[in-house]
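Below you will find the structure I want to go over with you.
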């Protein structure tokens, strides 16, 4: 395995996903294909040598050669996220190292069916999995259960709609925990055991699950899935910090 | 790796230390009160809380919460310095001086050091001489409010002249010892003494 | 240490995934999928699933079951101090060439 070295990525594009979430595309001089679910560490350096470091999941699939997409949520008192969303412009260099991770990863070769559970910005590594799945033209039966406070917080909405419509055995379920869209007839509460039972029923008795989001949501979801009879070995989790607070690795 | 790289326009959350003579080397000022912890926040109910002084004393002393609050309380305004490089000036606390607590025990002349221990298993060590004569206190009030659990409440040790990892949150007792026993961080690369003015961060 | 979710300061708690970079730096290989056994309660878990406390002078990884400390790491800049005494074992799978 090549040593994990820092490299200077160059920002080639920026895209607003929502009012507080931005996707940065970085061209990497030492790009290597990552596995969907992996992350990169980002390190910022001030002129006096002060450093701040955070981890960001790769949002793009490994089929995008030479570059990675990082989707960053701007956290109110976040030192790094506010810099990445407010200050960075195309052409800037950002120091990164990766790809990192070997547990919370999925690739088509691992099979399915596949159940993805996202809480807020926890959808990012799961989106990498869906993009990889699409690039591989896979028909592995897949369901995404995506919990967000309100419709305006949904990331990748249009792309998720398009992936669903492509009729390749992907279904996306949203659950709104604060405000539902007008006329909404779907889920409108925090993820709980009965919701999980309903959404996963068509997937059969054995499937791979990836849960990513705030710590309490991840814990509650994983516990509920095991209570429903899933083998713990088939449930993989990644905890993101809760919205509003940043964490250094 | 080109070490002259800087992230264009990045300065972080820090404030320039205009009060430079109050900020130890390598530190920066923060307007916040960062929360650092090696584990989950303990939540000992007050009716089960106690604080004790044990070890090289003739008889251990122990206070429950009601008894502790009856002890003479003082106000303290101190600067605090965390080894992770943030410093906060003029923090306002209320609590019981360790001098007051030591009045309730007979210290063995062999007692040279102490280990503070906390809910959750955290420990930290320091010389006895550095916590007497007004140098340390057990705080139960911060900024006029009961000390929040995430900041070490109901009560924490505060030893402002040493790096703040020595100011054990959720403190439950002090053990007086003859030998110096490295605590949680002191046993894993952090400096045994921890003087921020000499930048005693690490052990090597 | 009480076990109910309300006792946890969730803002501080990530998991071993978050320190994957540091672990790889220390061990020279991907570590988050490696399993370890908790010396306190015997539970076996992937390092990725250990509760990570990173807002501290060092990194502390705790057993998701009994919450006791399994791994501690301090990065002093000059070196990394590593304490894995509370892991009965860490299982490093051989990689096929």
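Order as written gives the chain letters A, B and C; numbering starts at 1 within each chain.
By our rule, contacts are C-beta pairs under 8 Å (C-beta built on N, C-alpha and C of every residue); 3 or more make two chains touch, one makes a residue touch a chain.
On a predicted model such as this, the values are computed, not experimentally measured, just so you know.
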Original post:
Central chain, going by Cα centroids?
Top reply: C
**OP:** Could you quickly compare B-C and A-B and let me know which has more C-beta contacts?
**Re:** B-C
Subject >> Mean-CA-position distance for chain C and chain B (Å) >> reply: 25
Original post:
Where the centres are mean C-alpha positions, what is the separation of chain A from chain B, in Å?
Top reply: 39
**OP:** Give me the residues of chain C that touch two or more other chains.
**Re:** 8, 11-13, 55
**OP:** Name, in rising order, each residue of chain C that touches chain A in their complex.
**Re:** 5, 8, 10-22, 24-25, 28-33, 46-49, 54-55, 95
Subject >> Interface residues, chain B side, partner chain A - complex >> reply: 1-2, 5-14, 28, 32, 85
**OP:** Would you mind writing out the residues of chain B in touch with chain C in their complex?
**Re:** 34-43, 82-84, 119-121, 149-150, 165, 185, 187-190, 201-202, 204
Original post:
Taking the complex as given, what residues does chain A use to touch chain B?
Top reply: 5-6, 8, 44-47, 50, 52, 77, 79, 83, 87, 92-95
Original post:
Tell me, which parts of chain C touch chain B in their complex?
Top reply: 1-2, 6-9, 11-13, 51, 53, 55-58, 60, 62, 67-69, 72-74, 76-79, 81, 83
